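Next come two complexes, and both contain subunit A; in the first it sits with subunit B, in the second with subunit C.
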Partner chain A sequence: MGTTSLSFDRRESGSSTAEQVAAPSLLARMGAGLTMTRRGDDAEPQLRFTVRGQRDPVGSILSPAHGSEEPEEWRVFLERLEAPPVALGRFHAGAFRALWKHLRVAIGPRLPLPQVAPDDEGALRLCWSRDQYYAELVLHRPDDQERCLHEWFFRDRVRDEHDGSKEPETGAPAVRFLRLLEDATAG
Partner chain B sequence: MSRTTKVDFTQPPINEVVCGALFERVEALRTAHFGLIWGAFNDEFPKTEDRQPLLRGTPDPSQLTERRVWLLSDDERNILQLQRDRFHFNWRRLESGDAYPHFEAVYTAFRRHLETLRGLLLPQVDLALEAFELTYINVMPLESDTYRAVGQLLADLPWGGKDFLGEPGAFQWAVELPAKGAADSMLRVAAQSATRRSDDSPVLRLELTVRGAATEDMDAWFDAAHENIIYGFLDLTTKEAQATWGRRA
Partner chain C sequence: MTTAAGQPLPAGAWVLRALAVKDVFFEPPEHRTPTPDAFKPNSADIKEGERRGLPVGVSVFDRARTTPEQAVAIRCWFAQKGGRDPPEYRVLEIAADQVRDIARAYNPDADVISDPITDEGARDLPGADGHAAIRGLYQPDRKQRQSPDYKAMLDRLAGQAQHPPDACSL
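On to the complex of A and B.
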């Protein structure tokens, strides 16, 4: 449902047959609960919320710290793609930044930073290698239609399986590659 | 043109893409659980908003306690919407320079987050998926606030000269068609005139939604839904308009 869209849901609701769960079992599974603590006889009771073993005051839950920020070095690298030593053209650099955003949307902050290197033809090669997995994404230089085509390759060294695009593609990397990359980089 | 041809625009008029799953209402989900679920997502979605619930059918008293929660990414471009009977992932454009991440990335993210939700609820609740939904919302500037400008964008909505009526100032239009390649699914197209808040300029909002019965193969359903939307969009819009959006394939 769009964030500004009109609702046009006219389907009749099916009656729920979902198995009822006792709230405590879900709470217990997530290791969560609410506790009241006192710091001393005169201190006001302080409400604390615990999630997965963390004990945080409610205030920090309302403004949670989050771990989705990228390392400063990587942000600087992305900002300076047009400058030496990478020295990409403006369009190529923009396509690289867009590609990285696509990957972050798809896979989220757990996506490790890739190794990035230019090849002899001016393409940028992004590589991830973890355990038996190797994933590679190549972003070509802009063509005469100002398209930055890309190719992908994936290998499972243990199973000796590999997959990849058959020819350079436009747009975002294929769902197949994103799924493989997601699996390969899962913690 | 073969439907295997990938269609690409340099400046697509896409404003928002939404992937969604509707499921049997999980009565056991209480307000507190929504907060706990947020705990599993707040690395990527550190902000929240409460929204009016989207109700199905005729509301009954049991739905009075329904709630819908938005979990937003730090830049507020990505949104998870959670309700006891639905789960949506939205990507939205907030600035004109925002790069559209493409269907592949949006769907992969939706699938990943849906799996996270299912993992949190198992083994107590296994979500019984009932329907899938894919929506593309396009916002296109109009040259003027007259209906005639709409005909420059949508091929099927020309407005001939009317002696008495003149030109409409505002309009709404919608059609529904069976979706191709996705059983028990419909493509709904809705167009309406609107005004962009940032500069009060006239725009056309074109929304394409495919909704259908959930299937075992979610990837195949969303692929088919995406194809219906892409080729439906090409059928609906004029070639001249497509050229202004930088169509390259």
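On to the complex of A and C.
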């Protein structure tokens, strides 16, 4: 089965954020689109399935987590990001949850759970370490513009090839990272 | 034979790295260790270098002079001296020659040198004379620390490290 890469075109309006999820192959052929909306940083993102030419979303409004259950321990972990020992600030925790939702939407339920650990600089690191590959996303603390920048890295341990962000990024994870992680977890 | 302080460990030497695992918030069972973080100088390595006015080195132990149990006991001693409860430790071992091969492709000055503990109270602990340091892995510049080439070098080191069979119970 082929893979579908996703890209996110972010638009902000007031307190809500809409991110157009573009899937160039399958969805384009269907004349359809996906939009993820979020009202406020702590709100649950919602995924809307739209058909070109129609003003309103069709079908049900989906949460990216729908369709497969995440392990209870992971859901509890996500709910308690602001409590010790993780003790993230509210904004940082919201950014972490949003980043995870992006990953789940893009890669789906086969996305393995990451190891999560702090680094010495107050950032939170999600990493996937397997025999064949190592992938990580480092989510930094909010900066003075209240942005939680992130950086990514991926290494194919078998081919000894690697790639990563050259500069910190904001918004959704880079398409390149999603594609690498999707391919790595496809087996 | 003892390697003089500051001198490279001999070819064929193996070193131990004792890592605190206290700070992992979530870890799935299929997660493979070690990861690149195992050889990234941590805050204790950096503080030690600054305190002694020396280049920052990753704290390791010469396998010929220190056992995994002794390495953990020494780390616990320093944790208690700092007023902290000793965390759980994972011990890794790696060949000094492999460290040199991998690290020098990134930094030609990288090396594994003898660095015996001299702190009062700790220098007489069993295995303290086997303390060593991997120099040349520290990147003071944050942007360089986040660079893909730096992380790839650390991940190559992690790929060569293994858990010593006699450290299973630690």
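Convention: the second predicted complex is superposed on the first by the 119 of 187 C-alpha atoms of A that agree within 3 Å, B and C clash if a C-alpha of one lies under 4 Å from a C-alpha of the other, contacts with A are read in each partner's own complex, and residues count from 1 in each chain.
The criterion applied here is as follows: a residue touches a chain if its C-beta (ideal position, glycine included) is under 8 Å from a C-beta of that chain, and two chains touch if they have at least 3 such contacts.
Just so it is clear, the structure is predicted and the values come from calculations on it, not from any experiment.
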item	value
Which of subunit B and subunit C A:145 touches, first, second, both or neither	first
Which of subunit B and subunit C A:116 touches, first, second, both or neither	second
Subunit B versus subunit C as contact partner of A:153, first or second or both or neither	second
Contacts of A:171 with subunit B and subunit C, given as first, second, both or neither	first
Subunit B versus subunit C as contact partner of A:130, first or second or both or neither	second
Which of subunit B and subunit C A:105 touches, first, second, both or neither	first
Subunit A residues touched - subunit C or subunit B, whichever exceeds	B
Doubly contacted residues of subunit A, that is, touched by subunit B and again by subunit C	none
Subunit A-touching residues of subunit C, taken from the complex the two chains share	23-28, 30-33, 35-37, 42-43, 142, 146-149, 151-152, 155-156, 158-159
Subunit A to subunit C touching residues, read off their complex	73-74, 77, 85-86, 112-121, 124-125, 127-131, 134, 136, 138, 151, 153, 155, 157, 160, 162-166, 168
Residue ranges of subunit A in contact with subunit B within the complex	1-14, 16-23, 25-27, 29-30, 32, 49, 51-52, 61, 64, 66-68, 94, 97-98, 101-103, 105-109, 145-147, 169-175, 178-179, 182
Subunit A partner contacts - residues on subunit B that touch it in the complex	6, 8, 10, 16, 18, 20, 24-28, 30, 32-33, 35-36, 39-40, 42-44, 46, 54-57, 70, 73-74, 78-79, 81, 85-86, 88, 90-92, 99, 101-109, 112, 120-121, 124-125, 128, 130-131, 133, 135, 137, 188, 190, 207, 219, 223, 248-249
